[in-house]
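We just call them A, B and C in the order they show up, numbering each chain from 1.
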Amino acid sequence: MNAIIFSAIMGVVMMFSGIVLKQKSAITKTAIAALLLLLAANLCNSYSVFSINVDTHGLLHFNKFGLFFNTILIAATLVFVLLSGSDIEKAGANVADYYALIFFVLCGTSILTSFNGLLMLFIGIEIMSIPLYILTGSEKRNLKSNEASLKYFLMGSFTTGIMLMGIALIYGATGSFSIDTTVLTPASAGAPVPSFLEIAGLMLLFVSMCFKVSAAPFHFWTPDVYDGAPSVFTSFMAAIVKVAGFFAFVNLFDSSANILGASWKILVGFVIIATLLVGNVTAVFQQSIKRMLAYSSIAQAGFMLFALYSRNDLAKEGILLYAVAYCLATIGFFAVLIKVKDYTFDGFNGLAKSQPVLAFTAVIFLMSLAGIPLTAGFFAKYYMLASVVKAGGSLWIVLAAVLFAAISVYYYFKVIQSMYFKEGAAETSEITTPFKVGLILVASAVILVGVLPSIVLNWFYF
Amino acid sequence: MFYYVGVAGALMTAFYMFRLYTLTFLGNFRGTQEQAHHLHESPSAMTIPLIVLAVLSVVGGFIGIPAAFIENGHWLEHFLAPVFASSTQLKAAHHLSHQQEYIMMGTATILIVAVILYAVNTYKKYSTDQEAEATSIGKLLENKWYVDELYNAVIVNPLHVFAGFCKNIIEKSGVDGMVNGVGRLVAYSSRQLRLVQSGQVASYLLIMIMAIVVFFLIWFNDLTIIRFFNKIF
Amino acid sequence: MIALLLILTPLVAGLLVFFLKQGSAAKNLALVSSIAILALALVAVFAPVSPVYDASWLTNLGSRFTLKMDGMGKMLCLLTAIAYPLVFAAVYKNEYKNPAAFFGLMLLTQAGLMGVFLAADALLFYFFWELALIPVYFLCSIWGGEKRIAVTFKFFVYTFIGSLLMLVGILYVYFHTADQSFAMESFYKVNLSTHQQSYIFWLFFVAFAIKMPIFPFHTWQPDTYEQSPTATTVIMSAIMVKMGLFAIVRWLLPIFPEASVQFANVIIVLSVIGMLYASLIAIRQDDLKRLIAYSSIAHIGLMCAALFTHNRTAMDGVMIQLFNHGINVIGLWILADLIEQKLGTRKLSELGGLAQKAPVMAILLVVMALANVALPLTNAFIGEFLMFNGLFQFNVYMAAVAGISIILAAVYTLNMVQKIIYGEVNAVTANAVDLAFNVKLVLVIIALVIIVFGVFPQPLIDLTKDSAAGLFLKK
């Protein structure tokens, strides 16, 4: 409960800090302090040192898994603000508001990690999404940003409708919003065959969640929105928000998919293949790195979907690890990207010469995204593949995923090629030493998790 | 029978060795003036080994003296005996009298001396401008029975052509072409898939709706799909 | 412990060299540390030290940091350790831009290679397998020839696909081990049905086949060898390709005994086709580097075929040949590089008359070339002989067809020698000078090794006895 309450309070605090503090950097510092406080509060909660408990009548349910995930999300946001805080300040005039919105998003994600009923799921998703619509359009004078925001809002509303429809159908079928009595019913022998309403409801729920995590063929908003939004917020959306969405997705269908039976695997398999195909293959031909990253985030979503396909313990551990690895690499790489003036591949030419630290850390982030061993991304992908192999019987989908992973090497390494092997004068905005140190730290973390993933997982089990 | 073939071989050897000797050392010099100027005795590094070899070859002839001259003088007779141990058992002992041996050796020596004289005589006055168009057999010999040509035509050239075919066609367009083709296919599908991302919200929503319909179809036909997959794999 | 040192030393030295500012210091440090690693390897191979190192690593995944040195691993570690000082000495006078990074990456590659030959844990093996690849990617892409970016990228993606397939295979076997462990022993004990073996086998084999490379997975190789800086090419062709053969012996044959018998025919046919095919192409090559590359494909093909004969004699032959082929190609590549550096061309048609201009080089080239043809008294002869022997026992016709490749090898190698060192001195070769001291030293050492092991190959056979025998114990 701590995370939800504190993030809401911090959001309000940040809103008013804009009135009190005139200096932009002071606002960033406040945000960092607030994030640290939030992190501490959540840690207190997970170690049962201090927690505020409000009776939610079973609508929310806090477990270690969810709390740990909160920690990951808040820590990732902290890293994000530390690295890209100066760029948030440049994104527009109302810095305090942006931070406030970020805290509201965190409030939404905190609800998503603890929801225990479809109602709370819906509220969490909406609290998370609405600030994002605003953040996307925060560059008021940029037409692309406005267009992206509007598109995001239109399509987001459309899926909200679908989701509500799904919840309504399930409610109609079972008379309850709670997951316990509705979707959690396992299909044991002799159990009543699920009604059409229930199935249709689940299906619509599935579709709307697919939209939120940008799984094909509901991914269309992603490239346009990621491309149009200011790069800092794209980073935030691509990393933290997406991962939180996945957590909710996995939790929601953790056991409910039992009643969907064999068709569940066909359905998810179809979505996985489509997502990997669209993400990886389309990314190959992109000219802008930012847009390429949008497609790459679709491709990564395809990998994370494996957790839904296999649904075992390994998948749960994997989604944790994936969250860490993916957040670190995405935030890190976006931090580098924001500094470079030209987002095309050619704009990165010769970056290794002019900014060796940026280029080197970028290589590590890209390798992690590509899933090369010794980086965190490898174990993230490893767990996903392992969970499917363990579930057994679906080697073909693993092989397909592996081939798509090989394609992904193409576009990630194209950036490396630009930076290291091609001549050019990549222009960057001013790079401060703390920023470089921050990048190196994040890159070291990526390698550390890549060598000893048990650091993250042991923490989870502690 | 084998004796005659052997003698014929020895005769030919005698002929070409002395033809070589005569052409090289006897007769007139046929090279240019300049080449004549450069002629000199070989350095001692070459002459000394040559002398040693010459001495040894004379000595060598005496190692294998037939029993007809000195009993048990043939040092080499049993040199390889262990190797042929099994084969000598299979072969019937075949002995010639010393008389026969003398005749055979004599004939051979006389013939060889005759051939040597003939060779020296023929080529003593040989000069380059005198070179006649070789007659049919001479031509055949000059071209080494055309074995090289035959070999070229049957083995070397087809091999070369085939190797070239492998290198330029199979490797480039076949094996490597396939590998590169996969890459090109990905790039091509990337260009095509990109077009789906049209930027039109309406078309996005349409595709999403269609996908939902497809999902429902999948759900209601799961058994058919599973059966289909089982048939393929 | 010594096994760990063999990996750690190049790793640490590589990182140190990488961050050195001064180029010459980096070069010297790299040379010194490579010699130190050679000393370590000699100790590891010949001294009675424990060949096993074990530490906990990913306990909850069932993977441990286990290193184990068997005979074949010993030999390949030794080859790796020998190759590096030779290469570093030979390129000592070459100019590289940013030499610190170059030598640093080279040493990192060595760490990866050592790891591959030592790892006794499947996941660890996979790690090192990739670790050896990544520095090479950068080495080729930064210091390579004109078309380096595209060519190296193809190489990288190609091998990466292979490794990923292998990863899936490793995962599959892992979940079928009795104790859910990646340890080599557990993998060896795993019981897969014939049907399971028959497809998981290919996941592994394709990865190894791409690395070796076996026809038709070989097309990355000539391009990459041609475009890479020679020091890297030497390492790739002398050692990296051996990773595939090594992995077959250590990770494929024992885990999939039935499948490897079942598919032996297919693989041997592929290998033999590859031998002839590569030899034929080598005959028509005008480019010196590509010629050596195709010749290497042919030699590797023979080794792969011999591995699948499941014949003890052939296995001994492979073990010896792993080492000897490595030594020979090092010599050939160094010479090829020398010719290109000195004369500015690799085209055979433009060369000629080097015997007059550079007699020492010509002699050494002839020695290497004869070793490449596997003439008796050169080191390659005994290995090839044993392999053909094994192949002959497996299938006479296959051996006969494969035997043609020996003739073809003589054709292209002698043709190469003829075009380089004989003939008229032309404009290109007119200014050729003989070898510098460092290169001469390296090449003379190699020539000595060629002749010594050509006459007396027994130490190599003894060294690898247990690996070859181990394979036959399982059945």
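What we mean here is this: contacts are C-beta pairs under 8 Å (C-beta built on N, C-alpha and C of every residue); 3 or more make two chains touch, one makes a residue touch a chain.
Just so it is clear, the structure is predicted and the values come from calculations on it, not from any experiment.
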Core chain by centroid distance, with centroids computed from Cα atoms only: C
Most distant chain from chain A, judged by the mean position of its C-alpha atoms: B
Inter-chain centre distance, chain B versus chain C - centres from mean C-alpha coordinates, in Å: 30
Inter-chain centre distance, chain A versus chain B - centres from mean C-alpha coordinates, in Å: 69
Euclidean distance of C-alpha centroids - chain A vs chain C, Å: 43
Touching two or more other chains - residue numbers and ranges from chain A: 410
Junction residues of chain C, two or more chains touched: none
Complex interface listing, chain B residues touching chain C: 159-160, 162-164, 166-167, 170-171, 175-176, 178-180, 183
Residue ranges of chain C touching chain A (in the complex, touch as defined): 57-61, 126-127, 130-131, 134, 138, 141-142, 148-149, 153, 156-157, 160-161, 164-165, 167-168, 171-172, 174-175, 199
Residues of chain A that touch chain C when the two form their complex: 367, 372-374, 382, 385-386, 389-390, 392, 395, 398-399, 402-403, 405-406, 409-410, 413, 417, 420-422, 452-454, 457-458
Parts of chain C lying in touch with chain B, wherever the complex brings them together: 154, 158, 215-216, 218-220, 277, 280-281, 283-285
Parts of chain A lying in touch with chain B, wherever the complex brings them together: 151, 154-155, 158, 162, 199-200, 203-204, 206-207, 211, 217-218, 220-221, 223-224, 260-263, 266-267, 270, 277-278, 281-286, 396, 407, 410
